[in-house]
Amino acid sequence: MTLGADTHAFYSDNTASIAPELLAALAAANVGPQKAYGDDPWTLQLDSVFSQFFATEVRAFVVSTGTAANALSLATLAPPYGNVFAHAGAHVVEDECGAVEFFSAGARLSLIAGDHGRMDPQALEAALAAHPASVHTVQPAAVTLTQATELGTSYRPQQIAVLSAIAHRHGLAVHMDGARLANAIDFLDCHPADVTWRAGVDVLSFGATKNGALAAEAVVFFDPARVRDFELRRKRAGHLLSKSRYAAAQLLAYVQAGVWRAHASRANRLTQRIAAAAGPRLAHPVEANELFVTLGTAVKSALRAQGFGFYDWGAASGPEARFVVSWDQAPASVEALCQAFKALPAA
Amino acid sequence: MTLGADTHAFYSDNTASIAPELLAALAAANVGPQKAYGDDPWTLQLDSVFSQFFATEVRAFVVSTGTAANALSLATLAPPYGNVFAHAGAHVVEDECGAVEFFSAGARLSLIAGDHGRMDPQALEAALAAHPASVHTVQPAAVTLTQATELGTSYRPQQIAVLSAIAHRHGLAVHMDGARLANAIDFLDCHPADVTWRAGVDVLSFGATKNGALAAEAVVFFDPARVRDFELRRKRAGHLLSKSRYAAAQLLAYVQAGVWRAHASRANRLTQRIAAAAGPRLAHPVEANELFVTLGTAVKSALRAQGFGFYDWGAASGPEARFVVSWDQAPASVEALCQAFKALPAA
Amino acid sequence: MTLGADTHAFYSDNTASIAPELLAALAAANVGPQKAYGDDPWTLQLDSVFSQFFATEVRAFVVSTGTAANALSLATLAPPYGNVFAHAGAHVVEDECGAVEFFSAGARLSLIAGDHGRMDPQALEAALAAHPASVHTVQPAAVTLTQATELGTSYRPQQIAVLSAIAHRHGLAVHMDGARLANAIDFLDCHPADVTWRAGVDVLSFGATKNGALAAEAVVFFDPARVRDFELRRKRAGHLLSKSRYAAAQLLAYVQAGVWRAHASRANRLTQRIAAAAGPRLAHPVEANELFVTLGTAVKSALRAQGFGFYDWGAASGPEARFVVSWDQAPASVEALCQAFKALPAA
Amino acid sequence: MTLGADTHAFYSDNTASIAPELLAALAAANVGPQKAYGDDPWTLQLDSVFSQFFATEVRAFVVSTGTAANALSLATLAPPYGNVFAHAGAHVVEDECGAVEFFSAGARLSLIAGDHGRMDPQALEAALAAHPASVHTVQPAAVTLTQATELGTSYRPQQIAVLSAIAHRHGLAVHMDGARLANAIDFLDCHPADVTWRAGVDVLSFGATKNGALAAEAVVFFDPARVRDFELRRKRAGHLLSKSRYAAAQLLAYVQAGVWRAHASRANRLTQRIAAAAGPRLAHPVEANELFVTLGTAVKSALRAQGFGFYDWGAASGPEARFVVSWDQAPASVEALCQAFKALPAA
């Protein structure tokens, strides 16, 4: 499987194709006219199916991108003068071109440190404790956590619970960016509830696109109080799909037929094989479908010359590289990468 | 073909399914991993294919909804203190929950009257002439025209040219909401250029969703100066699709394979048949795929009892009804509606 | 008293100087250091003094312009997807460069007609009744009324009550732009409560600047629920004055020492004298300190040649002119204008 | 001179009164009606007087608060998706409740470290060099520097020039928050041009309020290209004063009569006396009118018990305190503080 000039592409799970089960679900929804804007039978099932999936009553909504899911969620949680606390390397910080600021009409992201992509509870507590209670500053409103993290690690349920408890004690809501939630749940082998509402999450961006769907992400509210505000913001942002059924049909198949777990599980397993080959060069624990490997520029060049495609992590002149394993990653590519890593001199 | 309880649904072309040619194009793009965010071979062809389609050099972009296409376009044309002139019944005014105001950070829509959904040039000229040249008011920035209009009529090329000339003379840019542009071009039997750039349009929302696509709309810039600003706003709004190829593949098939014309033409022909049956009850000229019929509440109820589905136009207690013919409208439904109209007592 | 080249200037009460009582109050507050940002003794008195003034418990805040007062008030009443109903000729519509849209992050102003600058209750009721209850449109949130109106008329308490009742019945809040409230109350000879909270007003912009103050306007909340939101928005907008005491001292003198009434009363009396001279040429009832006179272009030119300064109302080529009488209007100018009007041929 | 219960208040120069020269200038402008909104003789002089002051052609505007000056300036320099680089402790970051985000419709502040309140050029260069050139992130747009800094230090002209050169080389504009610019210029004993345009500053917030004015700050554009945008944003934000003359008259007196230098110089001299007394307890070089002193909680309590008023710097449980010397600081208070510091045991 090639991607442009690359024989073995590990750029991103964004590059993946649509999983056959989900394309089939999409096609199966193509049965003549149906009510628009979510009044179709597929979209109308989302609440109940996702409630079952999460083992609690939820409200679930479709949007087409993770950026929309995150920014719309946070805009319902933070006022324009709100302050949202995120890990310094979070997707909302680095990769969404200021979407949170746009959707919220100017809320501020404050950056919290933490090893291996996980927010440090002490750093969060310190930031909130130091925040002056005054009209002169932005007002703490929400914490957003990424699961799995941007560095391929997964919060344990208890770690999320600790962060949520800090947030709630200070009056903040908790959002989770679950663009790779399936991979985290598979890695942790836990119930979806364990890393979400049972651990204190109030609103969830539940991604499917990176794990096989076509432009389909769910926003899940564990507390329905903010749902109307969300719906109006979604419409106003051009994110209410007229043909909602096709995204909804994918999401139903994703959670009902176990597609989410099957594809996440396969990607995770392949990732672990590569991790074993990379050994001590790994910069972070491998707990989802991403690997961060300290290679140096010479090795990076050599691997690229062998047909491996991947992104530098940090500066191009730095030593680190990121490899992402997609749901549809070719086994041969994984095998080749394992061999290449094993052939490297000891780090 | 039924829609909910309705045997013959004429609610909206939003309710239509995906056209088989476009679903096939989407599926044909499902060939393993591809670069994300528009660096795929399909998206990269959009500029050249749309340049050919419009017979001039353009830049073309994918978004997933018409609301996003309109609001993003207008946000590149109007500053936050800008004033956008729209027909009083335009979709951006009535049906997008303030998206233009949101994307532009507060630009104002000013409403211009005009018969049958078309903006009256004299009213536009009067509004612009009366606009005080002062720091105390919002600043005229853009005119947006809808083709076909919300009342199912189509501007003639010359009518657009007149409005564009007024706009340009006052320093305003011209946007076109072409959610049903295919229907208008088919009705007018003109070249796509004739109702767009040759008539003075600067930026176009070129819809495909209502005419058979799945969440695929093109934004076409006839002047590339504002393209970078657009791209950043699109990303920031969560409207840059990671799996852009699937929407792009549809748009390519839409314009290259003549899908746009075939489906618009069919819908228009069926609409004309119904128009002939409705006769003097028609409230507006029928020049696309919508009909507005003066029926009265009793007739509306009777038609609904017979299984026809349609929306009231204006108040439910008023006499008018809207019927929209989709690309996939069942011939039997059209036939049934014609018969029903013919069976009505003379208006 | 001249204003530029004009011997007798009637341009606007914006051109007026600071009233001596208010300048004295400002100077009297200049007693060494005082706590900043409103924790000074003057600002801390505002709530109680304005509560006494309005004969009910209120929260009162200082801002420096009427535009800030209006836009901040409405931003606390309307969400970004909100719809604010205003008279078509209101200051927030015509003269504030989209401030409401800016402060609210994109709420929409919808225009309601009404004779002589007063919103027509039937038109308001019709607009609200026709508003679709749907996620597709902006959501009705507030009504804003101007007292005295932009055409120099004053709503009777009962007229305000009728409009407020319509607004409240539909779930909307009521804001009053009281840039010239003092003139209206003096004209009506009523209690300040009668045209505000007793008539259903929820939030009031209470102007003092046009009636003698230096950059001092009060925002008065009759319902304290939204006060914290207001305070944060005010700070964020750069409208929380560090040296709040000087504006507060003026406002205290304005309402405690009867300055508001004395100056409004004088301006109103002089206005009535001019009104008597203008006779049938008056375009609107004269119920505050503004006159709108149908003169024609020739008479307007002649008056200007005689040294009268005033603005055209509507187009320069139109017949109407606006004359505003300030608190510090020179009696000789008033006398001269009366003579000039009396010398005109019968209209 | 007391401030509430404090005999010797050193809270902030925000608590200061109006300087007699400036109150006199304000009162001298109270000469009957004058054209509103800046068309008065005082405001119309600002451009030429400030051009003379800065020894180059500038455009100068009045606003009433420093927050408005900063946020309006930066909103003209940064698009909604812009990235503004500020020192981590800057006023725009800590003390303006997200005003930059509000006025710019969501631009992001990124924090740059640096000792003693000054932005570190290497840190700025590193941040800009590391910034990905991609549509996925906010776009670097401006750098804002504070002179004197929030820690009471002053950038040398060459230090500003180095930072400006980095900014300009990367295509960013340079803004200066000069809330205490007078103190910095006095300390540096340089020409106003040396720390502004000659050192690369494009737009300046030139404060007067903290140094004796009543709600009067100048925004100075060294490049007129963005002036029209600024004027519209100012109006829209409620910061165009109808009675502009009173603020303008103060600003004219401030720069023409040397008021700025006299008051800054006096405050600086008194500050240096206290600095000498504080000796090794000083946390930062004393280069304006602020002192940061490491005292410990016991000493802070003891000083407060003696009637000294000041703010903790950092946590109340921390050792640091901030003392600000105002233009109208009582000599006796300064003397008392010097004695108190000298009486402390060696740090």
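Order of writing sets the labels: A, B, C and D. Residues in every chain begin at 1.
As a convention for this text, a residue touches a chain if its C-beta (ideal position, glycine included) is under 8 Å from a C-beta of that chain, and two chains touch if they have at least 3 such contacts.
Because the structure is a prediction, the values reported are computed rather than measured.
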| item | value |
| --- | --- |
| Partner chains that subunit A and subunit D have in common | B, C |
| Furthest chain, CA centroid comparison against subunit D | B |
| Between subunit A and subunit C, centroid-to-centroid distance (C-alpha), Å | 51 |
| Centroid spacing, where centroids are CA-atom means, of subunit B and subunit C in whole angstrom | 42 |
| Interchain centroid distance [CA atoms averaged], subunit A/subunit B, Å | 34 |
| Interface hub residues of subunit D, defined as touching at least two other chains | 37, 80-81, 96-98, 102, 105-106, 135-136, 232, 235-236, 240 |
| Contacting residues of subunit B [partner subunit C, same complex] | 80-81, 83, 94-98, 101-102, 104-109, 130, 135-138, 314-315 |
| Contacting residues of subunit C [partner subunit A, same complex] | 37, 79-81, 105-106, 135-136, 139, 229, 231-233, 235-236, 240 |
| Residue ranges of subunit D in contact with subunit C within the complex | 1-4, 9, 11-12, 14-18, 23, 26-27, 30-37, 63-69, 71-72, 96-99, 102, 209-210, 214-215, 232, 235-243, 246-247, 326, 328, 330 |
